[in-house]
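Two complexes, one shared chain (chain A), two partners (chain B, chain C).
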Partner chain A sequence: MTKFTLKSGSSITKPFNKVWIILGVLLILIVTFSFFIRFEPSLINLSELGVILEKMFTPKGERTWGDYFGFVFTLWEPLVSTLEMSLAGTIIGSLMAVPVAILAAKNIFKSKFVYLPIRFFMNLIRTIPAMILAVVAVYFVGIGVLSGLIAITLFTFGIMSKMLYEVIETVDMSPFEALESSGATKTQAFRYAVFPQIFPVFLSYLIYIFEINVRASAVLGYVGAGGIGMVIKDNILYNYDRVGATVILLFFVILAVQFMSNYLRGKLQ
Partner chain B sequence: MIKFENVGKTYPNGVQALKGVNLEIGDGEFVAIIGLSGAGKSTLLRSINKMHAITEGKLFIDDIEISSIKGKDLRMLRRSIGMIFQSFNLVKRMSVFNNVLTGRVAYHPTFKTLFGLFPKEDKILALESLETMGILEKAFSRADQLSGGQMQRVALARALAQKPKIILADEPVASLDPITTVQVMDDFARINRDFKITIIANMHHVDLALKYATRIIGIKNGEVVYDGPSTDINDEMLVQIYGRSLKHDEVLGE
Partner chain C sequence: MTNLEKVLKNKPKTWIINSIFTLIVLIAVIFSFKGSSINMLRFNSIGITIRIMVTQMADLNIDFLFGRGVYSFQEGVVFLTLETLAIGFLGTLIGAILALPFSFIAAKNVVGSKFAKIGETILVIIRVFPEVVLALVIVKGFGMNALTGVLTIGIHSIGMLGKLFSEAIDNMDKGPLEALDAVGANTYQKIRYGIIPQIAADLSSVTLYRLDINVRSATVLGIVGAGGLGSSMILAAENSNWDILGTIMLAIIIMVLIVDAISSHLRAKLV
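Showing the complex of A and B:
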C-alpha cells in the first residue's frame, strides 16, 4: 500500500495487489514440498554419462563410421510414417476441434447448458497424456502407425479445441451485429464476421501443433505406435550407436520442421 | 413509411427505455434523433430493424406490423434496412471489397454463401457502391489500413450494397474528427438526395443535426418531447430535450 500526496494536498492510496499473497503462498508450498523429495547426490554418476554418450555417438564394435551414418538412410520409411501420422493427426484433430470450439465459445452459444458440458468434455480429453492415449490405442488397434494416428488426433483435438474457443471469445463481435442487422442468418453472420477473424489464427495454431506432434510422435513409437520411436525402442538395449544416429536424424528433421513452422506462421500475421 | 403506435420498450432488468412513442416517418426523410446519453435514442433506432424488439404498442414499416414477425420475414425486413454504427463494425482483416460484399449475403440462401462465392452482379454492385462513396481505389486494401472516415464510407457502401429503402445510423460520426465528420455527413445527405433513401440518425452534435436533417426528434427519458422541422427548433425546445439550455460551444458540438 502506497500513499501518494500531491502538492495540492489531496492524497490517494494505491490498493495492495493480492497477487503478492498468492505468489508468497506458492513459494512457501514449493519450499515445503521440496523437503519431501528424496535427493541423493551420491546416486549421480557423471562418468557413466560420458560412457553412454560415447556409445551413442561412435560406431559399435566392428562397425565403421560408414555403417553409423549408413543406418540413417535405412530410417526413411519409419521417418516418413512418423511425419505422416503427425500431419494427418494434426489435420484431422484440428478439424474435429472446430465445431466443438464453436459450441464452447460463450459469445456464440450464450447458454450455459451448451458451453459448460462441452468444456467439461474438452477438459476431460486434455487430462489424458498423449502417451496414455497411444497405449490405449495400441490396445484397441494393435501396434503400428494407426494407433499413433489415433493418439495424435485426440491429443491435437484436446489442445486445438481449447485454444480455438479462447480465440473465438476474443473475436470482435461488432461485424457480427452488422451482418445480423443486414438480414443475414446467424450461420451467415458467423461465416462472414467471425470466420475471417479466426481462420488465420487457426492455421497458425495448426502449424504449431504439427511441430509439437512431430516431437511427440517420435516418442509415441516407444509404446508401439509406429514410426521412428519404434526404431529407438528396438535398439536401445544393445545398439546405442543406432539410437545415437536416429537422435541425430531426429534433431535435423525437427529443426527443419521448426524453421518451416516459423516461416509459415510469420506469413500468416 | 415507418409508423410507431404507442410504442414502449422495457428491458428485462426493468429499465423502461421507451414510453408511448407515436411517430410517422415518411419515405425519403432525413431525420435526426437527439437527446442525452441514455435517453433512449439507440433503442428507438434499433427497434426499427428489430435489433431491439419492442415490448408495447405497434410498429409498422410499409404497413407491415413488425413486432410479430420473425425468421425469414424478419431477415427480409432487415435486408431492406441498412445500418451504420459508431465503430463502423467492419471485419478489419478482410479487404474493403469483401466487407462491402457482406451486404449481399442476406440475398442468398445460407448454404450458397458458405463458400464465399458471389455472383458477378453482386461484385459489380459492391464496386459501384464503393465508387459512389468515392473510395473505389481502396477496394482491395485491407479494412484496417483505412482512416476512420474511410472506414465509415466502406460501412456506407456495405449498406448501399443492400439496396436499402432506409438507413439507420447509430452515432455515425461520434468517433470521427470534425473535418471527417462533415465529409461523412455530406455523404449521408447525398445518399438521401440521390437515392431517396430514408435516413434516420442518432446524433450527439446538435449543430450537425440541425444542419443536415430536415426533421428533428428530441427524446428525453424514453419519451418524444420534440418532433418537428429542424428549422423550427429554438433554445426553449433544446431546454426541453436536454433539461437545461445549451451553451454556444455545446451546440457546436466540439
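Showing the complex of A and C:
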C-alpha cells in the first residue's frame, strides 16, 4: 500500500484496489473449470468445418441450385406451424402468468405466505429448459405441434410471470390507495389504477417473448415437437444442403420477426 | 346532462378496435390448435404415465448421482453438472472477451453512426442463429466434447453481449475524457482512468446476467453432442428412465437456482 505525505503534514493511504481480489477469484474459477473441459487434439479437425459449411451451402450431388432453393418452398407448412405454436404458446402462457404474477407481487398481497411459495414455484418452472419440457410433452401427447405448443406455453409462463411481477412491484400505488379510500373494491381499484400502468409493459414483454419463442420453437422440433426443427433433424445425417437451405430460411424469418418486434416495441414506448 | 356525463360520453371508442384486434389474435390461437395432432393412445394413459413418472422421478438414482457402482465418475451427475457449469462459465468469458471489440465497432460515439450501423448488423446476424444450429456445425470441427459447447456459447453470446456492451459505451459521459485530454493524459491513461471506470460496472452486470442465461442453455446443448448434462438427459427422457431424468432435473434446478442467486446478488451490488 502506498502512502502519500502532503506538504501540510497529513498523509493519505491509497486504498487497496479490490479489482485484484476479483481477478484472483476469476483466475481460480477459470483454472478449476478448465479441468472439466477435456482438450483432446485427436477430436479436433478444423478442415471438417469448411467441408460441412460447403456441404450446407451448395447443392448436393446431382441437385442443382434450383433444387436447393426449391426446397425452401416445401418448408411452408413446418414454418407456419412453428410460427403458430410460438404465437399461441406466447399468448396462452402470458395469460396464465397474469394471475400468478399478481399473487407473487409484494405490494398487492402483503402476506409472506402468499408470495414466497408462488415465487419458488415460478423459479422452479423457469429452471426447466424448454427442450426438456418438449421431450416430456412428446411423451404425453405424441410427436407433433401440440407438444411444442405445451412446451412453449410453460416456457412463456415461466419468463412472463417473473417479468410481470417485477413490473407490478414498481407500479405507483397511490392511485390504487386513492381509489380504495374513495370506496372502490380491490378489483375495481386494480382495474383502474394498476392495470393501465402495467398493460403497455405487458404487451411489450409479450412481443419480446414471442421473438424468443420463435427462436426456441425453431429448434424444438429436434426432439419431435413439430415445426422447422423436425426438418433439420430429418436431414442432418444425409442431406446437409437441405439443412443449409432451412437455416437460410430460418435466418430470414427470425430476422423479420426481430425487426417487427423492435418496431412494435418502439411504438409502445 | 351534466358536464361530467358529457365528457364520459365523448370518451374515444377504443373498445371497437381493441375487440377486433383481440378477435384476430383469438382466431389465430384457435387456428394453431387445428394443425396439432394428438396421439390418443398416449393421451388416454396420461394419468398413469404421470403417476409412474412422478414416483420414479422422486426415487433418485443415487449411484448415478455420484457416479458410483455401474457408472464411472465421469458419467455421474455431479461431474456432468460441474462440466455444464464450466461450459456456461468459460463460454460466457470467451463471449465477453470477443464481444468487446465488436461492441466498440457498434458504438456510435466511438466510430460514428455510419460505421456503427455496420457493427450493429454484424451483431444482429450473429444473434439470429439458434444455439443448437450453431452447435451442429461446430461439433463437426471440434468433436463431441465440452469444448464444442464452450465455443458455441462463446460465439452465440457475442451477439447479445456486443449489443448491450455497445449501449453501455454509448451512454458513456465524454466529460472525463476531455478533462484527461486537457491535463495531457496519453491513450492508455485515457482508457484506464476515463473509460474503464465508467463502463466496468455496466459490462460486468451484463456479463453476469448472460452467465445466468448461458448456464441454462448449456444444459440442453448436449443434445447435439456438445457436452454437459444434455446428452444423458435426452437419452433418459427418450427411454423413459424417469429416475435418471429426475436426478438430472434436480441437479439442474439446484445449479440454476444457485447461479441465479449468485448472479443477481452480485448484480445488485454492482448497481
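Brief remarks follow.
Note that the second predicted complex is superposed on the first by the 232 of 269 C-alpha atoms of A that agree within 3 Å, B and C clash if a C-alpha of one lies under 4 Å from a C-alpha of the other, contacts with A are read in each partner's own complex, and residues count from 1 in each chain.
The criterion applied here is as follows: a contact is a pair of C-beta atoms (placed from the backbone, for glycine too) under 8 Å apart; a residue touches a chain by one contact, two chains touch by 3 or more.
Please read all numbers here as calculations on a predicted model, not as lab measurements.
In the superposition on chain A, A:167 contacts neither chain B nor chain C. Residue contacts after overlaying the shared chain place A:72 against neither chain B nor chain C.
A count of residues in chain A touched by chain B and by chain C gives the higher number to C. After overlaying the two complexes on the shared chain, residue contacts for A:96 are found with neither chain B nor chain C.
Looking at chain A, you'll find no residue that touches chain B in one structure and chain C in the other.
Chain contact summary for the complex, chain A toward chain C: residues 29-30, 33-40, 43-46, 48-49, 51-53, 56, 80-81, 84-85, 87-88, 91-92, 123-124, 126-132, 135-136, 139-146, 149, 215-216, 218-219, 222-223, 226, 229, 232, 236, 243, 247, 250-251, 254-255, 258. Listing the residues of chain C that touch chain A in their complex gives 25, 28-29, 31-33, 35-39, 41-43, 46, 49-50, 53, 79, 82-83, 85-87, 89-90, 93, 124, 127-133, 136-138, 140-147, 150, 216-217, 219-220, 223-224, 227, 230, 233-234, 237-238, 240, 249, 252-253, 256-257, 260.
For chain B in complex with chain A, the touching residues are 49, 51, 74-83, 85, 87-94, 98, 102-103, 105-106, 110, 113-114, 116, 155, 158-159, 162. Of all the residues in chain A, the ones that touch chain B in their complex are 172, 174-175, 177-185, 187-188, 191-193, 196-197, 200.
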